[in-house]
Amino acid sequence: MKTLLNVAVLFLAGAFGLALGWAILDLPVAAVNLPEQLTAQLDMSGVVHPVTAVLLNFRGYDTLLEIAVLLLALLGILALPRHVSDHQHRPFTANPVLQTLARVLVPLMLLVAGYILWAGAHRPGGAFQAGAVLAGAGVLLHLAGLLPAWVTPGRTLRAGLAVGLLVFIAVAVALMAQGTLLQYPPGWAGALILMIEASLTFSLGLILAGLYLILADSRAQA
Amino acid sequence: MNAALVYALTGTALFVLGVAGLILQPHLLRKILAFNIMGSGIFLVMVGLAQRAGTPDPVPQAMVLTGIVVAIAATALALALARQLLDMSGEMRLPEEKSGKDRLDV
Amino acid sequence: MSLNETLPLLVLVSSLLPGLIIFTLPEERRGLRNLFNMVGATLKLLLIFYILRGVMLGEEYIFRHTILPGLDLVFKADALAMLFVTLSAALWFLTTLYAIGYMEGSPHRSRFFGFFSLCVTATMGVAMAGNLFTFFVFYELLTLSTYPLVVHRGTEQAMRAGQVYLSYTLGGGALLLIGTVWLYGLAGQVEFTQGGMLAALGPEYTGQLQVIFFLLIAGLGVKAALVPLHGWLPLAMVAPAPVSALLHAVAVVKAGAFGIVRVVYDVYGVEFAQSLHLLMPLAVMASVTIIWGSLCALFQDDLKRRLAYSTISQVSYIALGVAIFGPMATIGGMVHLVHQGIMKITLFFCAGNYAETLGIHKISEMDGVGRRMPWTTAAFTIGAFGMIGLPPLAGFISKWYLGLGALEAQMPWVIAVLLASSLLNAAYFLPVLYRVWFQPRTEAWPGEHIPMQNGRETAWLLLVPPLVTAVATVLVGLFAASAMSPLNWVKLIADREYLYWLP
Amino acid sequence: MNLSIVLILPLLLAGLVLLPATRRMGMLLAPWAALPGLAFSLVAPDAYTLDIPWLLLGSRFGLDETGRLFLFFTALLWLTAGLYAHSYLAKDPRRHIFIAFFLATLSGNLGVCLAMDAASFYLTFAVMTFAAYGLVVHEGDAEARRAGRVYLIMAVLGEALLIAGLLLLAGAAQTHFLPEMARAAAMEMPNLAYALLFLGFGVKAGVPLLHMWLPLAHPVAPTPASAVLSGAMIKAGLLGWLRFLPLGEATVPALGAVILGLGLFAAFFGVVAGLVQRQPKTLLAYSSISQMGLMTLAVGAGLLLPKAWSLLLPAIGLYSLHHGLAKGALFLGVGVAQRFGRNGWVMAGLLLPALALAGAPFTSGALAKTQLKAALAGLPTPWPELLAWTLPLAAVGTGMLMVRFLLLTPSGGKQDDGIGLLPPWLVVLTAVAALAWMQADDSTVVAVLSGSGLVSAAWPMLVVALLAYAAWWRGWRGPAIPPGDVLVWLERAAATLRRVSLPYSFRSKRVFPAALVYISRICHLEKILCNWPLVGGLWLFVLVALACALLLVAHSPTV
Amino acid sequence: MFDPIPWLILSPLIWATLAFVHGPGQGGRLPVAGLILQLALAAMLAQQIVAGGVRVYAVGGWGAPLGIDLMADGLSAVMLLLTQTVALPLVFYARAYFAGHANSLRYFWPLTGYLLAAMNALFLSADVFNIYVTLELLGLAAVGLVALAGGAGPITAAMRYLLAALLGSGAYLLGVALLYGVYGSVSLAALIPLIAADAPAVVSLAAALMLLGLMLKTALFPFHIWLPPAHGGAPAPVSALLSALVIKASFYLILRLWFDLFEPITSVAAAQLLGALGAAAILWGSFLALRQTHLKMLVAYSTVAQIGYLFLLFPLATGVSAEVAASAWQGGVLQVVAHGLAKAAMFAAVGAMIIATGRDEISGIAGVAARLPLTLFTFALAGVTIMGLPPSGGFAAKWLLLGAAQASGQWWWIVVMVVGGLLSAAYIFKVLRQAFLPVEETANFKLLPRMLEWPVLLLALASLVLGLGGGEVLSLLGAT
């Protein structure tokens, strides 16, 4: 029974994959040439790098929701009922090497994050990548025993987690005064995007770190 | 056939593999990994197909970036749930895929 | 919205609103509840009298509300509707009085009276429905609002009865729904029009129309308790007596019978139905029901169950009248709608009185009850005689016209059915009468709840309604030929129905 | 106006009697309830009709010659019986109930005489029939209850036959008003209707095989009730025939012959069965069957010979009058004898109606029989020949019956409170003696008083005397036939049947048969389905299927 | 002119985030204010659509295909109205529901806020990739809500739900990727004119992937297995939201895809396939609902069955005359609305019963008729819609569907619908019947706060009134 199912699933998946593969081999030219339009409008976007332009301007709304998704994932993890009392806080392993490394690396990582954030405007990079570096710093600190796990984030931490999204929304709302949602006025686009990216970097760093730090805690039990 | 299409075909294969894994692998961690493989396949298809004319297209790249973030979020939540399940039942599997008998009550 | 449009709505609201208010009243607010009940019932009667007058003067009362495009909710107070409306409203008034007396001291009265009012509202809707859709809507509402009453007592038996009741009625409703949808698909909005509206469809639809007719009748036949769709009715007798009285004498079974009337006369048109050969099977089905119901009644010891089987048998007179082609039978069938209601409600009231006063539920316990409760028993006797069809009581008039109608339609075998039914009616009623009047009492009453007081055999509220309906049973029969009688009203309807037919 | 008093007054009185508050007054007035009826029969104008269009199906009441005669003797009998009852039941604690039923029956019976449309006829007939049930069972003992049961069953059967017959007749005639109805129907010849009507009314009139209730019910009722039952109400059935059968309008040969034959059979059957009875009232009841047989015979003759109807109708009327009064007098006399014993004057009083019934010279019986015979003269063969010897034989039989009756007359202890019984009895006796002479045709009177008439009336009496003497001398007693004769066998058969037939009750079936329980097992499928890989597999399957469904159609040339 | 479209999305986003910052178990007032505002906005939008036709809103001012367009037509307006109408009473209900135990409340409010934001965004989106993001937002919020209850059952259910959601949205995203690959755009407005009957096979495969992905999220039979434990195990307000709204979001997308995007390449065979699955769902779901012993599981299986009705729309509206298709389409949407209202009411009512009796078994609610008449009445009213009896919205929907089936001669769907209706009556009355039994002596009824009863009654009444006012919904639906 089980093997039959396996075979069936593999067969069906394979068949579908083959069909799909066969089908995409022969495709006409796309009717809409979006890169062309994009290039035409890139000047208006406030950034030079097309991907960042798409991410934060042309399809900035996607990104707004994407940040919400990320926050939501964290929220979902936070909302999981946990037996707080059972948690045995792992004593910080005072690994001096690791601690030293962390002390050296973390400022460096902050710097790198800042750079990636800034670079995003004209080359690959941006808030998410920067935030990931920040999160890495957080994880490192935790591993080095310098940062406790986030059992129940306090209000300040929650505000920090949410600030990126809130700033994003605030900008979006503010922009509606003179146009539609997230319609950057020409000339202001760059600055506003940078502001959003900065706050996003901060919050994303916290969120991504949080995904680890909240989960990290319960490992003590296992 | 150009290189872009190879990406797309690889993506297709990855997607199919991911789906099969998601369906068949009993261990939740493998399932989550399979989901990520599936996601990678999709992203490959997305980027590959879009630039089959030869020119890179930043729009799907941006979309893939968004997709990756979303996938990360989903993976994180899935991992958390899997952990929770592990804590509660001692196995990181769905009840019907436990090594033992069918323990799910309807 | 003009007054003429509002009036049909008001007729509905006059019971709906009290019902809803009563739901929210706490159990102990007895006075207020009774007030709402009676004010509603009285208002409704007044409204109806006003409308009756108007209908006689040729006024039109139509309310129309479009629910979906091509789907209207229509209330129309035409002559046929008023026949049923008046009957229900008058009997509601009496039954409410009776129920106030009957439910005295029992739990959940707010719920009871709330649903009771809803039932009446649904019945009014059924009566005044101006198209098949509206009819269906209220037909189903009736099912739903009756269920809580059937299971009111909350016993296992009541629950079972409720389950059976639902299985039947919802099943029937489903068939009706299919038929209705189908008909709407074929003919668009199916308004109830004198002489029907389907004849225009053309011969290619004959087969479909026959199937639809079957579906509709099967759906309606459940509530009208046509054999073999009757199984729910005897079980539903576990409900409190006022429910059995109003719902199973008037509202529910009549809704089915009334629906058959509407379908044959105002949807298909009796001539068209005849030309499709639809009436004969209906007549046979009704005849079988008449006989079978009576036969089953013979074997019941539980008084209400016997009455229930009697209802099964008697309600089919209506269907029979409809199924016989010709004005006489139409008159007989439709007037039986009223007559059977009055007679059967009398019987149920009395059965309730026996149960409530002396704890008597079975016929075998009824020995000599006529001495203890002469008035109730007198009313019961009149009702029973009416059922047998003795003159000058209501049942006689119906049978007379049915018989003449059968002859008119060259269906003399119907006379034999009527004859057999009368005999069977006598066979299951007369022994009861014999017991109550002539059999001496040898043992104590099973449970005397209401003692004899100053020569008053039971509570006033329990006594008056059956007496009123018993007197009405006599009067509608005795004065059948007078201008204000149901018979005359029905003749009016039949005249219009057969306006173009007269041979 | 008058008419409504005739019918409604008794009902009102019944109401008064039932209500405790007005009972005294009601009881006081009740005996006189039939008086307006009697008066009306005397003073009503010729061909009186009253249409009440709002009543029932539209009603008509009226009085033709036949109706007047029937109303007269009916009212007279009820009046005397009422007065008689007043005294007879003086000590009965439940007499008000009896009186109420009595009054209701009275109203119905008078109404039957007056009703001139099918519906009101049926109405009054039914009122009479069902109210009389109260009279039959009044005594309340087992015998009365049995009689009541049989009475009721037969009555209901009769009513059912009647309504069917009336419906068929009205359907054929397209009207329910008399006499147009009978006349119009006669054109259509609804034979089934006639048969039904004959049988329906025949229940009341004691036609053989429909008579079973009669020997049970008449005797068990209190004596005044027996008098009206046997004297007046039994005639209501006859009147029904007269009203609805196409008498004088058309020939209905088959039915006529059957009726004639049944009548003749009844005449003898009543005698034979009556002779072996032990109870005087039972005997009288059988005598009624026998006498009604003669009138039935005349009705049958009317169907065979329409042109003789003008003669037959007065003959039947006369015979009804005679029999009603005589039988009433006999029944009342039984009560008198119970109270006063077999006095000489009591026996003399009983002898008069007994002789009259037997058709002795100078009695009303001689008149009635003579006129009947004369009217039957024109019948086709073989009837005249048959009747020529059977009728005198029947007279002999009746005579024997009367002898036996007189012998059986009870000899109750002397009671002094029966004095009130006498005036009404005497009134009836007087009527027996006198009234037939006023009603009979002149030619009949002449014939009866002629020599041959006297002889033909007298010789059966002589035969009776001889036979009676012989029987007394031989000490002969017949075999006992239980009252109700055929009924007893029927009851026995029914009892056997009941024992044989299995107990069967109409229980409703289980709603959900056991089969559904097995169906419910398929729930387990959900358990199997609740499996991620399986669902995933299914998902893939549907995906492929849907893709195929979309692909195939999208890429086939015809869409 | 004030534009409600962005605010419908922003409002829940803002209050959800603020509620998150506010902390677990806090901030119950924010959603009340927010939802009142959203309801007003939705009504306003509906009115604008009725007056002025379809509204398009270019986010960022770029316009499709470069930017993302929001689009609101009649269907979106109906869905938006439904969402806010269902959510508002539920918010009141939830405040009372969680009042007792603040701990389990935790992050209910922000999760709900994101859920609503996702739905509003989804209903307004005119961009298939943007829709993917909203779908994920919706899915993760829903999973979070399911997991809220804790315990092995709900966590397993949440896990299963998440896997299904991921597989579904993965398939959907691949479809989006393929579409972009073929046409170079993800904007509906750009894609709709491009997809023709002779579209490349990839488009058909993409359609199959997207539809199947969404069907998995809609819990169509046989992909329903994640639904009953998830909906049946969650706290009542969550179940109500999920059953009433969340699955409708993915169904809404299926409608959009089938009738707008892929209309030229749909086929009767595919439609019949969907219909067959729908029919199976009706019968199977109803049957299993009838077999349940627990209240919430019964209601959850009822949802499985009711979803089936939605899918009957496809065979009834595909390959038939325009008139019939319109009737079926209207019927389907009405069913979405009616079921949304009724199922929310039903879950909430059941939740109230469970709180009052302290038991989840059907056998435990004896006496509810006497003690909680209002809640039982609510349940019954909602049941009327579920059974499809008049005069409810469910009936109006069924009427239209039946009419379409009759007119197109597909009588087998009539049979399915009627049988399904009867089965649903059976399981609804199974509950009612139990409620009418006399109270057990051991039963210990808790008094319920009003907010657990009245808002729910409003929902049930709304589902009933829909039957009388269905024309309004349809006129909004038909607005162009």
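A, B, C, D and E are the chain letters, set down in written order, and residue numbers restart from 1 in every chain.
Here is the rule we use: a residue touches a chain if its C-beta (ideal position, glycine included) is under 8 Å from a C-beta of that chain, and two chains touch if they have at least 3 such contacts.
What you are looking at is a predicted structure, and each value in this text was computed from that prediction instead of being measured.
Peer 1: On the document's contact criterion, could you list the chains that touch chain D and likewise touch chain E?
Peer 2: A, B, C
Peer 1: If you walk from chain to touching chain, how few steps can bring you from chain A to chain E?
Peer 2: When the steps are counted carefully, the minimum from chain A to chain E is 1.
Peer 1: Where centres are the averaged C-alpha coordinates, which chain has the largest centre distance to chain D?
Peer 2: Most remote chain from chain D, centroid-wise, comes out as A.
Peer 1: Contact counts by the stated rule: is the higher one at B-D or C-E?
Peer 2: C-E
Peer 1: Grab the C-alpha centre of each chain and report whichever is closest to the global C-alpha centre.
Peer 2: Chain closest to the assembly's C-alpha mean: C.
Peer 1: Let me have the rounded angstrom distance from the C-alpha centre of chain A over to the C-alpha centre of chain C, please.
Peer 2: 71
Peer 1: Distance-wise, how many Å sit between the C-alpha centres of chain B and chain C, to the nearest whole number?
Peer 2: 66
Peer 1: Between chain C and chain D, what distance separates the C-alpha centroids? Give it in angstrom.
Peer 2: About 36 Å, centre to centre.
Peer 1: Could you work out how far the Cα centre of chain A sits from that of chain B, in whole Å?
Peer 2: Result: the chain centres lie 18 Å from each other.
Peer 1: Which chain E residues reach two or more other chains?
Peer 2: Only 129, 133, 136, 140, 143-144, 147, 151, 155, 160, 163, 167, 171, 178, 181-182, 184, 201, 205, 288 qualify.
Peer 1: Mark out which residues of chain D touch at least two other chains, giving numbers and ranges.
Peer 2: Residues 523, 526, 530-533, 536-537, 539-540, 543, 547 of chain D each touch two or more of the other chains.
Peer 1: What are the residues of chain A that contact at least two other chains?
Peer 2: In chain A, the residues touching two or more other chains are 5-6, 9, 13, 16, 19-20, 24, 27, 30, 34, 38, 58-59, 62, 66, 69, 72-73, 76, 80.
Peer 1: Please give all chain pairs that are in touch with each other.
Peer 2: A-B, A-D, A-E, B-D, B-E, C-D, C-E, D-E
Peer 1: Tell me, which parts of chain A touch chain B in their complex?
Peer 2: 5-6, 9-10, 13-14, 16-17, 20-21, 24-25, 27, 29-30, 34-35, 38, 50-55, 58-59, 62-63, 66, 69-70, 72-74, 76-77, 80, 128, 208, 211, 214-215, 218, 221-222
Peer 1: Along chain E, where are the residues that touch chain B in the complex?
Peer 2: Contacts found on chain E: 129, 132-133, 136, 139-140, 143-144, 147, 151-152, 155-156, 158-160, 162-163, 166-167, 170-171, 173-174, 176-178, 180-182, 184, 186, 288.
Peer 1: Taking the touch rule as given, give the residues of chain A at its contact with chain D in the complex, in rising order.
Peer 2: Chain A reaches chain D through residues 5-6, 8-9, 12-13, 15-16, 19.
Peer 1: Sort out for me which residues of chain D touch chain E in the complex.
Peer 2: Chain D residues touching chain E: 520, 522-523, 526, 529-532, 535-536, 538-539, 542-543, 545-547, 549-555, 559.
Peer 1: Spell out the residues on chain E that touch chain D in their complex, using ranges where they run on.
Peer 2: 160, 163, 167, 171, 197-199, 201, 203-205, 207-209, 211-212, 215-216, 222-223, 225, 262, 265-270, 273-274, 277, 284, 287-288, 291
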